[in-house]
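Right after this note come the structures.
Here come two complexes built around subunit A, the first alongside subunit B, the second alongside subunit C.
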Partner chain A sequence: MMIEVLFVLIVTALAASLLGVFLVLRGMAMVTDAISHTILLGIVIAFFITNDIRSPWLIIGASLVGLATVYIIELVSKTELIRQDAAIGFVFTALFAIAIMLVSKYAGNVHLDMDVVLMGEVIFAPFNRIDILGFSIPNALWQLSIILLINIIFVTLFYKELKVTSFDPKFAYIAGFSVAFIHYALMTLVSVTAVAAFDAVGSILVINFFVAPALTAYLMVKRLGAMIGLTLVFAVLNSVAGYCISFYFDLSVAGTTAFVALITFMIVFLFNSKGFISSRIQKMQQKKAFSRAMILMLMSEQSHQSLTREEIMSHFNLSTRQFNRHIDHLLINEYMEKDEERYMLTRRGEEFTHYTRLKYELPA
Partner chain B sequence: METLITIKDLNVAYQEKPALWHVNMSIPVNSRTAIVGPNGAGKSTLIKSIMTLIKPISGKIDIDGKDARHALKRIAYVPQKGEVNWDFPATVLDVVLMGRYVHKGWFKRTNRQDADIALSALKTMKMETFRNRQISELSGGQRQRVFLARAIAQDADIYIMDEPLQGIDITTEKLIIDVMKSLQQEGKTFIVVHHQLDTVEEYFDYAVILNKTVIAEGSVEAIWNESNIKQAYYETSGAHE
Partner chain C sequence: MSDILTSYTFMIVALGTVILAIASGIIGTVSVIKGQSLIGDAVGHATFPGVVLAFMLAGTRDALTLALGALLLGIIAFFIIQIITEHSTITLDSALALVLSSFFGLGMALMSFVQGNPDFEGTQGLSDYIFGQAAYMLRSDVYLILVASGLSLLVFTLFYQQLKIYIFDPVYSRSIGISNMMMNFMILAITITLIAVGLKAVGAILIVNLLIAPAVIGQLWSDRFIHVLVIAGIAGAVSAFTGTYISTAANDIATGPAIILVLSAIVLLSLLFARKGLLRRSMLKRKVGERS
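This part shows the complex of A and B:
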């Protein structure tokens, strides 16, 4: 039965992160965060009307409020009176607050537990079961699998449209694609997915399931197809690792998975070939190489053909340590030679400065 | 000259500030038209209105006698480099292939033939060796070439370009002008927002001098003179009177 928890977690992560690819590319991560909170209002209102916690109207209500959230945010930021980040923060907390007020007033005695809404509890998923073709499976797994399937169909069918509207919406419009349709279709699916993911991972952490795998993949790829594939790999990887760690240490499954996602992201951010550390190292090496080239270039000028240690140090403002490092390197590689206390270029050094001039298009 | 685009009494405003005021003009078919004017003259607003990206307060824009909205697919738009996210996970070829989307409509994918067309467009822009490069790795001039290659792959007959020569190297500038002139031979029309006054005569054959309203319009020979330029750049335009 516990393995079913893992399945729910994986399917949630796949369904959310697949859409997350496009949310990241469109800079809509925070809008998604807003949706994942405000859909509670739709759930609460639909629940009051139907009085049935399993009614499909809950999903419809939630989606409508999700779309309304996007629309209101756009409306408010279009006035240019306040900026989009402020509009998001203000609209989503306002709608979320209404939902909380309604829950606290009327739903105190029914099963709409605020802790579960906020934090989610995926380990409860197997208790609520449904019979499909004679098999008893968790309701959440059934629901999320259908939503995953819908999301896959959506992305496959509209791959080209999603790509072009995300990259260059004006061009997409002129090319005859409805940018607004794709936008609202995507937002509808985000709302539906967020509702279904509610039980499993809660409204606070669901944003992590949407964007973390996509952000990690984004650091590593150069094509959209690869980004989608890698995003799904990270979604599964984070879920499996999060599940195992949470059971070993007896922690919240969703919380641990979200934390693992952060760790995966940090590892890729720091160590990937285009990542933070390697680009720092590369920059340092470039800087060193450039300093050495500048020393050689100076010595190739008519009036500076032989220089003393002090002259080089003061000209480039070098410390003794820096000077020794550079000069050792240049002597060992025979770009320059030392005669008594003066340094001068070797033939190799002269050739090097010649090519450097060409490379940087400097006058000879 | 035969007219391709006719604009009648176009008025556009952002909030209460007029961006374009009583614009009446026409653009001849198969021309290389420069849209010239000082900052804030409404040059970008004008081309965006032609592409119906902006809703005007009033006015009528026809392309070949039909409302511009019904002729959008004939337009290849070359935006300013800053308008898209260059960190998008796409290669040079991916972006150029987007030009083919116009002919695909919804759902249909691009095929081998589209890839060939995209590659030959890249060759025209001398970018074929960069086809698998990620777009974030390109220089400003290379980015502009990719955009123009996308327009060529689209095989449209009207090219609208927003300051394509801004911030690019001289080789790319010459290439863009050469390509523009040779495509004109094939019957294409170019509408280019242009910011260098000294090259108008060399690069274009038709010009619209704009400062909120049309200061002068006609063949470059006829209207490109000091008094018109002065009026657009140094004197208040009719919009404020």
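This part shows the complex of A and C:
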């Protein structure tokens, strides 16, 4: 039964991150965050009408509110009176406030656990079961699998359209693609996925399952196909790691998975070949190589052919430590030689400066 | 009516929320004008693990301790966002979404650890920090809000000239020796402080509205920075007072959401009827059309 929890988690992560790739590329991560908050209003309203937390109307109602959120944000920012980020910020909090108010006003009379809606608890997923073809499987797994399938079909069918509208919306519009259709179709699926995922991972963490794997993949690859593949790999990896850690320490599964996703991201961010650390090292090496080249270039000039330690140090404003490091390197590699406290270029140093001048077209 | 207005609970809560709303409205204006209003949202979520951690380490639910924890994690989240956006091609939008949800996840993981652990007692109050429980605000909470808001506004006034130049002309401000990074960090530090002390009043999610909506209202009515600030402060104060009154008068209406809804109503009205609003604009267009 516990393994079913992992399955629910993985299917949620796959369904969300597949769409997340396009959300990241379109810069709609925070709009999705807004949706994942406002669907709560749809859930609350639909729940008050149907009084059944499992009703399919909840999904429909919540998705409609999700779409309405996107529409209102666009409407407000289209007036050009309010910037888009401010529009997102106040629209979703206002709708969220209505939801909280409804819940706090009527929560006494109904069985709607706010904590579960907001935080989700994937551990409870196996308790709600459904019989499909004679097999008893968790309801959440069944729902999310269908949604994963729909998302896969959508991305496969409209791959070209999604690609063009994500990377170059203006060209897509001129070339006759229906930008608005793809946009709203994507946002509809995002809303539906977010609603289905809410009782597994909670409405606040859903955004993590959408964007974290896609962002991690985005750091590593340039091609869309590769990015999608890698995103799905990270989605599974984060889920499995999060599940194991939370199981071992008895923590919230969704919360742990979300934080593991940040750690995965930071590891890739720091250590990948174009990442933070390697680019820092590269910069430092370039700086060193440049300083050394500058010393050699100075000494290739007529008036500076033999210099003392003090002359070099004052010319480049070097500290003793920097000077020793550079000079040691240059001496060992035989770019220069030392003769009674004066430094001079060797033949190799002369060649280096000669070719450097040619390379950068500097006057001799 | 006068019963409510003079009741002790109402006075405590109203004083706290009004002061908080004025300070948030004024400080939030800077972020909104700079196009960074959602950083407040991300930092607001990121304070959650800070609150839980502070509770775990200090073992108290003392407002100041929890606020310090919130402040610390908020600053860490801000720096991670800065590093990600500066050293990769990832946009601010995506970085915010990632950091916000991951930190919140950490908060949830820590929370589940605390709740499952018999060593910690009295955890009920913690989830209030997500939604806010203004009705349970204590005198000490209000003092904390007063001190933090007062300090924030003091710093804001002291650096007003530099801030103004930094906001509207960052290139010029750098050339006359104002450190843009310092200014940016100062605004963020003040914002995070206000979020940290405001958590109990309105909660981590709704405080975002308190930071953004007053500035939006101000911008709809005026183009002058000082006027925008004053209008934002007044709008925040009026909403906080009205919202608190409504929630006290009517049973079962939480204070945070009530304030936000009053504020949202003002935004909506301003959007339509303000000096720069939609109706006025369409009237202007018609006039221009008639003339030509």
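The criterion applied here is as follows: the second predicted complex is superposed on the first by the 362 of 364 C-alpha atoms of A that agree within 3 Å, B and C clash if a C-alpha of one lies under 4 Å from a C-alpha of the other, contacts with A are read in each partner's own complex, and residues count from 1 in each chain.
In the analysis below, contacts are C-beta pairs under 8 Å (C-beta built on N, C-alpha and C of every residue); 3 or more make two chains touch, one makes a residue touch a chain.
Since this is a predicted model, take the numbers as computed values, not measurements.
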{"item": "Which of subunit B and subunit C A:218 touches, first, second, both or neither", "value": "both"}
{"item": "First, second, both or neither for A:321, with subunit B first and subunit C second", "value": "neither"}
{"item": "In the superposition, subunit B vs subunit C on subunit A residues touched", "value": "C"}
{"item": "Which of subunit B and subunit C A:177 touches, first, second, both or neither", "value": "first"}
{"item": "Partner chain in contact with A:164 - subunit B first, subunit C second, else both or neither", "value": "first"}
{"item": "Contacts of A:359 with subunit B and subunit C, given as first, second, both or neither", "value": "neither"}
{"item": "Which of subunit B and subunit C A:37 touches, first, second, both or neither", "value": "second"}
{"item": "Touching partner for A:76 - first (subunit B), second (subunit C), both, neither", "value": "second"}
{"item": "Contact residues common to both interfaces of subunit A (with subunit B and with subunit C)", "value": "27, 218"}
{"item": "Complex contact set, residues of subunit C against subunit A", "value": "32, 35-38, 40-41, 45, 80, 83-84, 87-91, 93-94, 96-109, 111-113, 116, 127, 130-131, 205-206, 208-209, 211-213, 215-216, 219-220, 252-254, 256-258, 260-261, 263-264, 267, 271, 276-278"}
{"item": "Subunit A partner contacts - residues on subunit B that touch it in the complex", "value": "51, 53, 72-73, 75, 77, 79, 83-85, 88-91, 94-95, 98, 101-102, 104-110, 134, 150, 154"}
{"item": "Touching residues (chain side subunit A, partner subunit C) in the complex", "value": "24, 27-30, 32-33, 37, 76, 79, 81-83, 85-86, 88-90, 93-94, 96-98, 100-101, 104-106, 108, 114-115, 118-119, 202, 204-208, 210-212, 215, 218-219, 246, 249-252, 254-259, 261-262, 265-266, 269, 276, 279"}
{"item": "Complex interface listing, subunit A residues touching subunit B", "value": "25, 27, 157-161, 163-164, 166-168, 170-177, 218, 221-224, 226-227"}
